[in-house]
Each structure stands twice: as C-alpha cells, then as structure tokens.
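Got some structures for you, see below.
The same chain A turns up in both complexes below, where it pairs with chain B and then with chain C.
This part shows the complex of A and B:
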C-alpha cells in the first residue's frame, strides 16, 4: 500500500550531520508518529504548559484589562504579603499538619491492607473483599462529604446510638482526624491495587522454602513480602511527598464549615477563595506557585534520597 | 508440596478474615444507611433511629428529588461530559503513548520527560483558570472535557503497555505494506483493548466525580454537572435545617435520595467492570 512511509531501516553508522539536520530527517521518516502524538501534545501544551508560563502573574500586578503581558511587574510583593499575613501562615501550618497526618496514617494503610488481603487463602472471599474495599474510591468527595454529615449526625447518624450531642465534623478538635479517617476510608482500599500487583510478581518458591524452614506467617510477611514491595512503597512515597502542600481540594472544600475553618483551611482552598471568589489573581497565584515549587523540590529531594538508598526513583 | 496448616496458621487466617469482613462492612454500611434514609418517610428519617431498614417505606423523597428539572439537566451534562471525555481521551492518550513508545522517534525521551514533568509540577489553579478564560471556555462543558482528555499518568500507563508489546507483529504488518497509521488503528488498538478499557474507565470515573472543575469553570445552572448539583442540594438542605425552615421538605431523606440517584450508575456497573479497573495497574505499573 504505502510502504514508503515506513520506519527507518537502521543505518549502521550515520554520517556526521548536524543535530538539526538529523532531527529533520528523522521527522520526515517518522512524520506519522508525530502526527499521532500531535493532538495529545497540544492538549498538554495548552492545559499544562501554558499555565506554567502564566505563573509570571505571581510577580506582576495582574489585571484582566491589562492582560498577562501588559500588567506591571511587582517583584516579590505578593510573596512578602503572603508571609506577613497571619491567615496565610495558619493555612500553611494546617496544610502541612494535615499532610503529615495523612503520610503517617493514610500512607501505610493500603500497605497493611494489601498484606492482609494477600494472606486470604479463599479466592472467592478475597475477590469479594477487594471489590468492597475498592468501592469508595469511585465515589466523589461531594457524596462522601454528604454521607459523612449524615452518618456522624447526632440526630440520625450512628453516633446518636452513643448519645453524641454534636456532629464531630463541626468540632475543630476532631476535624483533622476525621479528614484523615475519611481519607483512609475512601482511598486505602484502592491504594492496595499497586501493592497487590507488586506482590503477585513474588515467586511462590520463596514462600515454600520458608515454610519448609518452619517460618511463621508473620516471618514470611516480614522477610519476603515486605522487602519485595519496598521498591513500590518507595515510589509511592516519593510521589506522595510531592503533594505535601496540597491536602486535596475536593475533600477539604467539601468537609470545611465556618466552624472548622481555623483548623481546616488549607492552601488549595485559600488559593481558590482569594483567587476566584475574591478575584485577587496575582496574590493567589503567588500562593499557588509557592505550593508547586515546594512540591517540585520535595519530589526531587526524595527521589534523590531513594536513589541513594539503592531503590529505583521515578526518573 | 503441601504443608499441613498448624493451629496458629488457622487462627491467623480466621482473625485476618474476620478483620477484613469488619472493614468491608465499614466500607459498605454508609451507603446502606443512606439508602434506608432515602426510602424512609420524611418524619422518620429526620427523627433518627433508622439504621438497618427503612421505616414507613415511601418513595416520596425520590418523587421530590426527581421533580426538580435541574437534576436531569445535571445528569445529562455529567453523561455528556463523561462520554466525550472518555471517547476522545482514550483515543488521544493511545495516540500520544504510541508515539512515545517508539524508540526510533527522535525526541521520544524528551517528550516522555515533558509528560512526566506535568505530574510533578503545575502552573496552579489561577494560571490554569486564566488559560481557560483566555480560550473563552468559561461556563462551557468543553472546558471540562478538553482539560481531562490527556493526563500524564494515563499516558505513561499506556506507553508502558505499548513498550512491552512484541515488535514482531508490527514488523510483519510493515512488510505486508501497512503504514504506521494503519498499523496503529488496525493492529495496535484492537490488541490493547484491555489497557484502553482500563484507562477509559478511569477517565470516565474521574469525569463523573469531578467537582473542582465544574465548581471553578461552570457558572450557570444549565451547565452544572451532578457533583455540583449534589453540593447545592446538601448545602440547601443544611441551611434549611439550621434555619428550621422546610421541615416537611425532608432534609435527610432528600439528601439520601439525591446521593443514591447520583451514585446509582457507578454502583450498578462497578461490580462488573471492577476487574478492568485493576488490570491497567497490573500491566502498566506505576513505574514511569
């Protein structure tokens, strides 16, 4: 048919050519691959990379009428304002606090759950458990928020059985814990998928040999299963550390109430409130940029550290 | 070789199975609770004590909820957005991933890095909002669609799958005179149904549950999607409860009915499609 547009038959030693020339030749030969990639690249360019360029407004006094390029430069004004604002530092504290709680409690939950699911011998039962625990992941936070309000309600919820007087979701003292617990409830089950996938690649011989040597279940989990999934754990942890400054917009926005704003306002909701509800674009963009940059730095550091520790990183 | 299980082993399995059963109940019960409330009469639902079965069984709450035209508008918008995002998204993700998986394409390494980079750094909410605004897509469902069609994570999953495919098939087709486009659409795509189905389901669920997107980009009620509508109902009912108004509008049962109606599609198809959700993670793995 159109055999002319094929791949290159690999030339053993390409003659010395300039990089640009080589690229042009490669482009001509592989133009159909580029054609296939084009729409996806455009989508990423427009919705991921153009906004990255739009970050400059964090250093400008952006006004819609002036446009991004027409607005005047103001240097670090917005950052100075942010860090001298007690509300922002409180928001920053909340964000880090909630993130650390999540890393300490929500992060290990799926690992533990995966180990437990893996130990179930009865295949049908295992499938039923898996299907059930994955379910909440597929429900939106709006719905989960509504469900939580109901189930924790002192008048109709489960807590009414214990005579609770107030919805704990509305009490600042409990709020952060409920954020963590609901995060575990919603995501721990689905989080097991990655670990269970890693576990399936462990050779059964290892377990058999250990059984012959008289190892107990716990010894097998500790000495075979856990080391085998440590690489996966490392990657997941790297990705997780990058989002230490984003506590999850949907969850926080949905669970927040005026009563819990003090302990529950986080960077994502702060940016939304100032930027979109109040229209202070540059101010909010500065807060958002701070969030993104810290995330990038943290991912890089933890990637570097895990690489040093002998694990594969993410790049 | 089968080693007989000792008492300790059996005890371990029983305790493990029991804990998992309890956890499963914890995952399911809140949905059941909402279901019971939604089928209970307004007074009973609000009075409390409905835990295991509906009391004074009635469909009133559902009649009330479905009478509102906006729930159907939101439903239609959600379906429209989810279907288009999934259809276009799967196609574009596969096309991009296929190109990235070709080692002979100059720049495939750079482009792959550019894709991964989007996962670890982003412009943030405000610049993204201004971009969408600049494209004149505010209050347009296409904003939600176009933003969600290609995600870095999905692209990498599919790319890993393509990279692991044996190249003999393509070579044979190439010798038979098929071009890259023909090979992609007629050989690669059909062979990748499993991974594409997984990615498609992920896109569909993400679109169905997307709350932040519509909250930010949709203004008029005609363009609300389901999550936004639910939020409004819950807020409205909460307000009604605190002000003591609309006592007979059945706060708890209305919220329950709205929630049940919105999760029903997911609850119905989920058990049958669950294996596809998982499969993609198995084939693609998280490794970039």
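This part shows the complex of A and C:
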C-alpha cells in the first residue's frame, strides 16, 4: 500500500530509458532497500504464488491418496456442477447483493468519519475519538456476533424492553441490513487510518489561503480535502471492487443461522462448507477459483475506469 | 562510518526476517513428522519406543496439553502390563471444527494414527484409502470384542470392511446407547400443581403454567416452557406425531426421509403455535449448547433438552443448577404421546457417536491395537479405569461387589490430571457411577426411541450435502418462528426432492434392500 499519502504534486517524468537499464541503475543505488524487500518477496512467492499451482485441483477429481498431481483430470466437471447447483446461484446472488450494500454504505463511512475527525479542533478530544473508533476493529467477529445476538435477543436483550417478539437477526428481511450496520460499526473507525494519513499530507497553506479568501468549513472540505484525498479513495475503491465476491467470511459465518441461510449464505461460507467441512476440495477449489477470477476482472475494469477518470490506478 | 552501520543493520534485518520466514514455513513439516520418527521397515517388536498421535472429538478444557501427571501413571501401568514403550499425544477438538481439522490434516498428508470419525468422514476416508480395514484386528482386542454389539459392528461396516471400532457396552439397561430425552423441573411442577406431562396437550398446559405462573418466584415474566439449542429438531415433539424428521422411516413406498412425511406438518403447526405463545425460548435458534445449559442452570425454562445424565448431581449443568437453586429438582419426561398415541425420540448414532478409525499412515498398527486393548482392559494394570474415571482410591471407589462406582473427583478434576475421557482410546460404556436419580432418568427414557432405518452415507448425500439436514433446519426455524406459514412445508418437500433428494432416496432404498 504505497499509495497511502495522496499525491498532490506530479513528479516530472525522467528521460526515456529502457526498463531493464533503469532497473539496474536503480538497483545499484538502492541495493540495501532491495535487500530489505527480499523477505517480503519470498513470503509472497511462497505463500501466494507457489500455492497457486494447487488450483489445478479445480480441474481434477482430487483424491487425497493420489495427491494433487496424481489425481485424474475431469475437465470442467466441477464448474458445470457448480453452475447447475441452484444453491450456488442463490449464494452468488447473496454475495453480490451484500457486497454492493457494503460498497454503497460501508465504503463511504470511513471517509465521512475521517472528514469529521479531521474537523475536530480540540487535539486531545480528537485523539480520544480516534482511538475509540478504532477499538471495535480489534474485537473478533465471534465476540461481536455474540454481543449482537445478546443485544437483539427478545428475552434478555435491550430490544426486549421495546417488546420485540423475535430476534431481528433471525428475520431474513433485516439480516442484510444488520450485516452492513455491524460492518460499519466494527470497521469504519479502522478505515479512517488511511484517509486521515492522506489528509495529513495536505499542505496547510491551502487551508490558510482558503480562509483568507473567506471560505466556510464546508467549502474547504469540499474544495480542498476531498479533491486531495480523491486518489486514495479511488485506489481503495478499486481494491474493494476486487473483493466484490467475498462478503467477509468471519462476519457471515458468525451471524448466519438456519433461519437466515437463504439470504446469508455467501461464497466464502459456501466454499468453507463444501471444502473443509465436507472434504470436497475440488468442488470448493472450483468455487474459489471462480471467485478469484471474477475479482481479478473487476479490479482490472475498475482500474481502467479510474485511469480514464484521470486518477492514479493501482498499476 | 554511519553508512557502514546502516548496511549491517539492513543485512541483519533482512536475515532476521528471512529466518523467521523459514521457521514459519518449516513448522507444518515438523507437525507431520510426529509419527515418522522411525524407519518404516524395522520389525515392529524391535523398536525402542513407539509414538502415536490420537485425535479425539470433544472439548475437555482442563486436560493438560502435555498429558499431566496421568501420563506417567499410565506409562507405569503399561509397563507393568507388559506393553512396549509407548508415547502418545492426544489432540482434542470439540464441535464440528473437529471434522474440518481432520479434513485439513488428510489433505496435507499428516493424518493422526487413530481418530474419532463420524459416518460421513468414515465413508469418504475409506473411499480415499486413508483409513484401514479392521475386521482382522478384532481378535486382537479381547478386552472389548465381546462387549461390542453386532448391529453396531454392521453399521460401521462399509463396502464389506469394518473401518472403525464401535464402542462396547457393559451389561444392563443403564449401559444402553440411548441417553437423550426431555428433563423437567419437578419443583416447578409442584409449584404450579401439575404432574409430569405424558401427552402433547398436557405438555402444552404445563409449559403455559411455567410461562405464566412465575414458577421461579422472582416476580418477573422471564421463564419459558422449553429450552433447546439452535440445531434442535424437537425430536420428542415430532416423535409424538409419528415422525423423526432426519431419520429414514419405513413407509409402504419404501424408506422415506421423515421430514417429507405428512405428520411433519402437524408437528410444525404445534411448534409454531407454542413459539407464538412464548412457550418456547424465543432465542432458541441462536442458543448453543453451553448457553442452553446456562439458561437451564439459571432457571429460565422448565423443560430442557437434556439426557439421563442430567439426573446426576455431578453432571455440570445439574451441578450449576443446584448451586444457584438448591431446592431445584429434576425429573425425566418419559415419553410424550401425540394425538394418535405415537411417541419416540431419536436413537443415538451407531457406536454411541464414538467410533474410532486407524489411519493408513500408521506404521505400527499392531502396537497401537495393543494400546487400545490395554485402555479397555479392567484386569490388573489394565487402563480401563485410568482411561475413564481416574485412579482407584483417589478419584473413585468400587463397591464391594463391583456393581457401583462412587466418584470422589469431579470430571473436570480427572481431566486436569490427564486421565478420563481425553485418553479414552476406546470406549466401553460403563455407567456404574451414575446416581440413583439419574438411573431413573435412563430407565424412563429406555423404551422411548425411534429407529433410523438407514444410518449409512450414499454418494448422492455427498454430492448434495445440504439436502438431508441443513435444508430442513432452515425451514424448521422459519416455520416455527412464524416467518413462513405451516403450508411452506410443501415447498420444503418440493425443494428437498429437487435438491437431489430423489436420488438420495433412491440410493438409500437400494442400499437398504441390499442389507435385508
């Protein structure tokens, strides 16, 4: 995440040079930094790229005894099964539905929060608010799920004081909204870190100049802060789009109940159920591969669109 | 000079990171190497020591990871018994995560030597050649062989091979496989002036009284009739309508899944009404087993999905109840009869849900079997008591004729020593420790079970894993809570058959015919 600080100054382009030559020169100058990068690169290769070879099991009938490479090839059998499975269609719909809700409602939440925190004048108060809104991020979803179940319980919860007869978490109609709300509560504060960092890098001169020109607070936010962090917002949005097919495993797994399975079962939990709980690794790998490929396509599209809109993309 | 230090620092940092990376990579291989410490072709009896990794399905939080003091006690007994030098490691995982973990271990080729399995895992592991046939090994288990029930041995036989050891049972009705049933608060019944219900209508009246007449006397409307868990299928209630929803039931058209039969609808209508009137715990579908026990111990409900053990004061939930309410008294609900006089709860899965398989990667199967046999041998220096209830004289005493066991330690204390259930390498059901009150519960439940006609797993069940259980639980929860009308049961039946149910039913009937 090298794009944390919003870039406001454009760097003059160096004269044309072949990529390899430029890299070698660069390498010589910064060799110790490259050395520092090495463990990270190795980790990436070992834990991200090498296991990718395992996706071949999505095209095989994986039997543990035969091993990954010894199992027989079955072509697209698992994909055909997946797309003819009525449950999968529903799961896919749920995943996209919840993801879109989250992009529309959870994604802007940290931006708004960051702007609000930034406007707090009293330094100590600002710090307290910042820390307080971070905290929920460090609570595990298991705990948050337990708290929600208890608060919303019709027998012992706060809700029972208002005479609720049912737990709203068990109502399919409310379930998705509760997912979004709890996601905002838990993650919005943490999400502000990136935006606050971007805001910090804005030159105070701009604000001073605006003040001299008689701009109101809101005008300053609209005309200085937001444009300055728009690059960061764009990058975060691209990354978020890439995970449109993963609605968040922990949260969904914890909040699901039999009563809300048909609205709350998402790809992540589907893959888990089939792959780990049932031991059908090939089937789960096919679903997981599908999820990743769609993610890659979406990231590429949104990166392209962002670039067209004049913002920096991720590559 | 300063630059020089910078370089050294950078190198050291990089090396350090690489080293920690290497360490984290290598940890899986050490885990998988626990049983591979010796050369494979050495003659079994010649080895100096043997090591076995044993996976147990269950949660015993007080069991020490290193085996505790019980480890040495057991080793001494084994030595005196004449076993070779055996070391073991027990890994206990509770709940469904246990099977997730087994699947991961299987996929990473690091199977434990012996493990608990359920029927689904047994079928898939046997198909993949991950566990070995054991029918030839039964004779090496003289201490338990004759205590096993032939029907259970058949039930865990797959493709003509015995792939797991079922449990053994000591003589007597109390040592039977079925233990579950409904438990009622006798002190509450006394308070509202009613008897233990025997029919659905009586049960309704009792629960209504429990809800409305403030049986715990705290002046608040905070009690319910019925306490259960999120995965409940209300088996006693369905039983009263002649159904066990998740069992295969005999009909004139062959075996059918209970939940697709007409009686299901009547039971659902009853449950929906009860829930709407607040007789069933409104949080039942978000309540896990430990929360259910808490509610029971805190006197939130009068009828509890429990077991015969609940009648015993050393049982954790009962001990907690008595600690909070010393005057509490529990009684069994023997059976609840429906409008047509039907009744019957779910019988236990074969082998008491505690069957053990041996991995094909186990190198010293014969030594492992010696260990298993030792653990169920009650002769001198055998492990029978150590592996179930601890050390004689310290944790329990035997009555003179050996027909009763008086426990002096709680189960948690026994586990903390490293003895008891966690190291129960094989099980012989022995309830001589159960108090008389609990004996009454077991006896009351004894004749009130409905059979599952087919316990096996067919290929279609693996292709459609959600059809037989998850789908019904979804509809059950929604209909009981009133989110769906009772008529939605017909949609359920359609969905069941369209989600592979027709194929599953066909395969089950074929397999059942073949067994007859």
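Quick notes
We adopt the following convention: the second predicted complex is superposed on the first by the 269 of 315 C-alpha atoms of A that agree within 3 Å, B and C clash if a C-alpha of one lies under 4 Å from a C-alpha of the other, contacts with A are read in each partner's own complex, and residues count from 1 in each chain.
Rule of thumb we're sticking to: contacts are C-beta pairs under 8 Å (C-beta built on N, C-alpha and C of every residue); 3 or more make two chains touch, one makes a residue touch a chain.
Note that the coordinates shown come from a computational prediction; the quantities given were computed from them, not determined experimentally.
In the superposed model, A:158 makes contact with chain B only, not with chain C. In the superposition on chain A, A:65 makes contact with chain C only, while chain B stays out of contact range.
Judged by the touch definition given at the top, the superposed model places A:89 against neither chain B nor chain C.
In the superposition on chain A, A:223 makes contact with neither chain B nor chain C. When both complexes are overlaid on chain A, the residue A:136 reaches chain B alone and has no touch with chain C. Look at A:41: by the touch rule set out above, it reaches chain B but stays clear of chain C. Using the contact criterion defined above for the overlaid structures, shared-chain residue A:203 touches neither chain B nor chain C, since it reaches no partner. When both complexes are overlaid on chain A, the residue A:276 reaches chain B and chain C alike. Note on chain A: of its two partners chain C and chain B, the one contacting more of its residues is B.
Taken together, the two structures place residues 32-33, 35-36, 39-40, 43, 46, 149, 153, 155-156, 276, 281 of chain A in contact with chain B in one case and with chain C in the other. Partner chain A is touched in their complex by these residues of chain C: 6-7, 10-11, 13-14, 17-18, 21, 25, 96, 99-100, 103-104, 106-107, 109, 120-121, 124, 127-130, 222, 224, 230-231, 278, 281-283, 285-286, 300, 360, 462-463, 465-466, 470, 473-474, 476-478, 481-483, 498-499.
Those residues of chain A lying in contact with chain B across their complex are 1-3, 5-8, 10, 22-23, 26-27, 30, 32-37, 39-41, 43-44, 46-55, 57, 68, 113, 116-117, 119-122, 125, 128-136, 138-143, 145-151, 153, 155-158, 160-161, 185, 189, 193-194, 197, 200, 208, 211-212, 216-217, 232, 235-236, 239, 242, 249-250, 253-254, 268, 271-272, 275-276, 281, 284-285, 288-289, 291-292, 295-296, 299, 312, 314-315.
The touching residues of chain B, counted against chain A in their complex, run 1, 3, 8-9, 12-13, 16-17, 19-21, 23-24, 26-28, 30-31, 33-34, 37, 45-51, 92-93, 95-96, 98-100, 102, 104-107, 111, 113-116, 118-132, 135, 146-147, 149-150, 152, 155, 174, 177-182, 184, 205, 208-212, 215-216, 227-228, 230-231, 234, 238, 252, 255-256, 258-259, 262-263, 266-267, 270-271, 274, 277-278, 281-282, 285-288.
Residues of chain A touching chain C in their complex: 32-33, 35-36, 38-40, 42-43, 46, 63-65, 67, 81, 86-87, 149, 153-156, 165-167, 169-172, 257-259, 261-262, 273-274, 276-281.
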